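One chain, subunit A, links the two complexes that follow: it is found with subunit B in the first and with subunit C in the second.
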Partner chain A sequence: MLIAALVAFGLTSKAQNVLGGGQVSGNIQLDGQISRADSLIGSENVPEKLLMNARADILYTNGNFSAGLRFEAYQNPMLGFNAAYKGQGIANYFAAYNGEKLGITAGNFYDQFGNGMILRAYEDRYLGLDNSIRGFNVKYRPIEGITLKGVIGQQRVYWDYGQGIVRGLDGEINLNSVIKPFAESKTRITLGAGFVSKYEADETVPSSVPGYKLNIPQNVGAASVRMDLSHGGWGLQAEYARKGQDPNVLNDYIYHEGEALFLSASYSQKGFSANVQAKRVDNMGFKSVRSQSGEMLYINYIPAITKQHTYAFLTLYPYATQNTGEMGLTGDVMYKIKKGTVLGGKYGTDIHFNASWIAALDTTTIGGRGTEGYTATYFGTGDAYYADATVEVAKKFSSKHKLVATYGYVLFNPIVEGHAGDMHHNHVFIADYTWKINKKNVLRLEAELLESDSKYTPEVDDKRCGDWIMGLVEYNFTSNFFACFSDQYCYRDGNGANYPQLSVGYTHNATRLQLGYGKQREGIICIGGVCRQVPASNGLTFSLTHSF
Partner chain B sequence: MKLNKVLSVVALSLISLFAACDKIESDNYLVFSGASGEWYDGNGVADKSQRAFLDKFTGIRCVNCPTADEAIHAAMEQYGDKLIAVAIHDSSTFGMPVEGFDLRTEDGNTWRNTLRGSGGLPAALVMRDGDIFTPTSGIQAKVDPILAQSPVVAISVESQLSDRTANIGINLEFLQTCNDNLNLTVFIMEDGIIGQQFQPDGSHKSDYVHNHVLRDVITDVWGAEVDADGQAGTKRFCNIKHTIEQNNWNLSNCKVVAFISNRSTKAILNVAECEL
Partner chain C sequence: MKKLILTLAAVAMAFGMMAQNVKTVPENVDVKTLDGKTVQTSVIKNDGKPIILSFWATWCKPCNKELDAISEVYEDWQAETGVKLIAVSIDDVKSSARVKPWVNGKGWEYDVYLDANQEFKRAMNVVNVPHTFVINGKGEVVWEHTSYVDGSEAELFEVVKKAMEAASEAE
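Showing the complex of A and B:
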């Protein structure tokens, strides 16, 4: 098909010889897993013994023309990835022309309008999601400073495509480019607006009233307006989106309209930066197939405002964005204590403070399926979903020694993962020490402690509960080799499990091989507020990547 | 100038896309999807009034029938929506067509044969209680006791006409326990039919306005069985889909009437009407 597209384009393009010259690039990734049963951590035997996710992205470019494909193989899907991925084949392909004013993509494409609140087609291989749209994507830049986009197509769902048709238009204007007197202004302003409509044929959705079904809107629209303003070190970003009646499985088929507001203000200067973000989301789950639960077929994306933590115990309870309704606020401040001061010392000291708070909306229930659902006050809040506060101090003592000390507090409501339970209050203490022994050898030591009021119970079987301690030793022999050993142990109020892990890695030019052996605790990983369940595993993992 | 053109194109495109959105009104979130004529649990009846139903047996050649029409019309003015009447054009001599103008129906004839007996026209029954009377007077004495009763069952009827097919929904709510076997009867009647009518002075009026004329019983003529346990508080719903094949009806003047009756005695318990 790709070749056919290439030939077709070559035959019609008079501007250049597409099949002559050009460049082929790509990357290949193979991830594999061997896991066996361990009753204490909850891992099970894998009948296939070996599970593997593999993909190869191939890209051909020739001037303004490009074409590509992705071959994917899940033989069988690794633990935690949807079994519907099982199989192999060419999952995505496209051909594109990107001229000075006009750009057209036919086939699979990824794109987003604004922050993505009404449209974001993207993929994340680690979450196992690919919401690419197969269809046409047209970008037109009539004059400098104005970009118009039009998209139409259907979204990928594993090895198939959802029956819903996504249509969208977006326009963005940079006032400084379009209005000449503003060209040199320090104040930069970009305005944008978009509209997305989904068509999905009628279907029988039973109501709670016998003999009646829901009167389903077949065309569901969502619109947004946005602004991006900056002046010197100041920045202000705002986007407001609305969605029409969209009874679907996410909202239990109610007719309440959706809306979302995202605000972000920032300031930065040398040695200091601050950022405040707020959002309010009300029934904004927007899928191209109304009956599809799970991670696939989302048309839109609600930006996450909680910090993307990296340390193990701070990511133990990640926050999953609640598309059905949430209100949140986050603040982030970074300050560098100057060199030569008492606290700054010879190299300065970095202090990073972050806090987030997310709560449910203040709602009043009207009814269930087939009704308006609920009403919500605009500024009121309900139960807290999540809160965290972290203080991180990074201090370089010499050219060879650096310590990062972190304290974090996490409040977590299990309802965001869909199950009831008491609120968890966690205190996390982290010390991360790096010793650059010489130019090629680096030793890193990490110690973490988690004090939690949560207790493991067989009924809930949340193996994250309890108090934990962790140690990690990582040694980089050269810039090519590394070895790392870590162990997480739940020493109190847990189920007594121990999670040792050993991993080694080798990198040579554009090739990287990593092997790991040990136990993986079941839990949830979230990237940008979108999450995936990770089941327990016990065994070998490997990953090979190569780019060309 | 170029910028204006671009903005115009964007605005027009957005407007056209906005039009591609469906808006469902709150009273239309649910649509009936069950089988026509089957009974389902319902949402109950908002207006739980007791109403009275009057069968008027009449005929085009009946010179006294216009007098009955006036009396019934006055009663309907008095009682408003609490009194529902139907004009059944009789198949006797007095109901025979005049110059091709014919308002008789097969269903009306069936009702007439069972309900009217052998008396003359005009004749009437209230709630099909078996007590035939001449409806030129005395209507109030019949209707008042009915409306003074506490209803055993409340009934409502709604109709949505699409092309020439009517989706007719009937809700029942039992306000008192009723152990009788009940039937639901639904029929269509038409107002404003202009045609022949003999007058009390013996003249023929060719532009007489005939109202609430029975057109067709769309259930079985004596009604369809009500599937309900009859316990107080029971709420039942039935939808009937009916395609109108007659081309000489003015559908905008038609009404749907639904009533609940005792299967054995044929006495009517309650009644409701709506526009077709």
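Showing the complex of A and C:
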């Protein structure tokens, strides 16, 4: 901690005396809520009345040198954030030199190898996630088209650092830059490979056989190879990763090796695009502390390939990647019906189709803790976890009127959220209408309906509801001011939950203030011209962001 | 006591240096082209003419509205001011493979880069998307704004024209 103070003081004096010039930039964010209890949405009466998360990033840059620190305060953490965040202080700091060929960062850094399947240090401030690595990161670019990286350090967990040490090497080569005759080729190829190893001291983990303890590997390695190939409108991306024996709390201490494959193929031209992705993940939960459950200390990142929806009822049952094992397919087609045709009209019509399907692996159990755990067939699948299909049609009728109509189907297996319950089918209908009254005034209306065969079962989950209806009215005066009222109501087969919410916001340049009153469900909300993740709340909320 | 020192250090650092401020775009942050090649942010150049730097994501509706709206008038804007729009996608690996077909399918004539782990976003202190910067011919940020509402591209173009005029007056 003292080092942080020294770095900060050092920088201040340097900036003013030694280096001269330079620039300071940063951003500040304050989020607060004064919440009332509501068991239906999971908000509680808190003795401190006010909950608030705050952070400020301050960045100093001078030529190739940069340094920064982040002050965070959770007094106390807002709903949905882990109580371990309670407190305040300088959470992250770093100093970096970034030249044309060489880059070195000391302190907290974020980085990703390929698609992140073996290493991804990242943050998501709205989800309370930060697995940044504190240590050293070196990047070297010997010639154009080649990037080599090396990282070493420990990962942040709330206000502390995990005892595991993460070491990694990665190399990437763009063949078109390196092989001269290939420079102008229409075929573009980038290849990459990475290796990550984790060290954590031995510990006593009892075996399933009484009186014996497990032989825990202190070093666990993971490696991946990847390629990115494109030819005109065609594109193909692939990455394959393996992980050595890694008995940990996520897989209940089995010795099954990890494996993951990601494939993406696409074709596009003006007015049309298609993309297909496939993924298979087998026991790839990779953490720098083997006994850590929960969302922190992941070394790698296995993405959910399902589409990131932003309409409220399409995100009601979101999919979460099952690192222990899953197989999935997703496809996306966008088509623009040309202007001047019968269906296209004066402005053209946009059609967007998307479908995803995710299922468990087809596994056969061998044994429990201390064994291989299970075997899995490569192409076989078990129970469905999730499936969805959406069709979105966007039509501009005139320079003032625009309608986006969406139909979505969602199949959801509650086991992906870790609780029992029947798989349920949901149909979602959405109309999103924008009326540009004149240059400065814009009105947006949104109506959503969700029809589900999910039933309210208080013993299982008191938040569940069958059928929902929602309405939203948003008024914008230029991009500076907005007011929005929305209401979501559980109208059938449920607990009658009602979420009325009024929000107003003011944006000036890079400063934004937003106030809300009412009940809010957690999720991505796009109102007033920005999109952000919000926590569940019941009462008054406020948010201030400023960049400088 | 320690905490107090740290807080003071942060505050001193912030205010001690705030005075000397012209924001520019860092040179050596890694981003990827749509073909998967790693390049540095020093590629963000436009021969002394203004640049619109827009942070966006495929899942962000206001971002797509903004980029669609500018796309319809982009040729006129370019003819009038020589402006170049550089769109930086902050889609992470959940959706970064969708960006290239997305951009081609939309027919956007912008330079697009991928910032999948958001290093460039952090370097530019972007909190939410959309976040749009106007950069003048000298590489200085002269305007920035977070949020987009139908029609507000007109205001953006006024800023671009001003940046253009200021540059030609300086010559």
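By definition in this document, the second predicted complex is superposed on the first by the 507 of 548 C-alpha atoms of A that agree within 3 Å, B and C clash if a C-alpha of one lies under 4 Å from a C-alpha of the other, contacts with A are read in each partner's own complex, and residues count from 1 in each chain.
Definition applied: a contact is a pair of C-beta atoms (placed from the backbone, for glycine too) under 8 Å apart; a residue touches a chain by one contact, two chains touch by 3 or more.
Computed from a predicted model, the values in this text were never measured in an experiment.
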When the two structures are laid over each other on subunit A, do subunit B and subunit C clash or fit?
-> fit
Where does A:Ala201 make contact in the superposed view: on subunit B (first), on subunit C (second), on both, or on neither?
-> neither
Count the residues of subunit A touched by subunit B and by subunit C, then name the partner with the higher count.
-> C
In degrees, to the nearest 10, note the angle that opens at the C-alpha centre of subunit A toward the centres of subunit B and subunit C.
-> 140
Examine A:Asn174 and indicate which partner it touches, taking first as subunit B and second as subunit C; both and neither are also allowed.
-> second
Which of subunit B and subunit C A:Ile143 touches, first, second, both or neither = first
Check whether A:Gln245 is in contact with subunit B, with subunit C, with both or with neither, and answer first, second, both or neither.
-> first
Look at A:Asn219 in the shared chain and tell me whether it touches subunit B only, subunit C only, both, or neither; answer first, second, both or neither.
-> first
Looking at the superposed set of three chains, what is the minimum CA distance between subunit B and subunit C in Å?
-> 18
Looking at subunit A, which of its residues have contacts with both subunit B and subunit C?
-> none
Which of the residues in subunit A end up touching subunit B in this complex?
-> 142-143, 146, 148, 150, 167, 169, 171, 178, 193, 195, 197, 199, 204, 206-207, 209-215, 217-221, 223, 244-245, 255, 370-372
In the complex, the residues of subunit C that touch subunit A are 2-3, 5-7, 9-10, 12-14, 16-18, 20-24, 26-30, 34-38, 40, 42, 57-63, 92-95, 97-98, 100-107, 116-119, 122-131, 143-152, 154-155
In the complex, the residues of subunit B that touch subunit A are 2-3, 6, 10, 13-14, 17-18, 20-24, 26, 28-34, 38, 40-43, 237, 239
Where on subunit A does subunit C make contact in their complex?
-> 1-2, 4-5, 8-9, 11-12, 15-16, 21-27, 29, 56-61, 64, 66, 69, 71, 88-90, 98-100, 103, 110-112, 115-116, 120, 122-123, 139, 145, 147, 172, 174, 176-177, 188, 190, 228, 230, 233, 235, 237, 264, 266-275, 277, 301, 303-305, 307-310, 332, 334-336, 402, 434, 436, 439-440, 442, 476, 478-479, 482, 507, 509-510, 512, 524, 526, 528-532, 545, 547-548
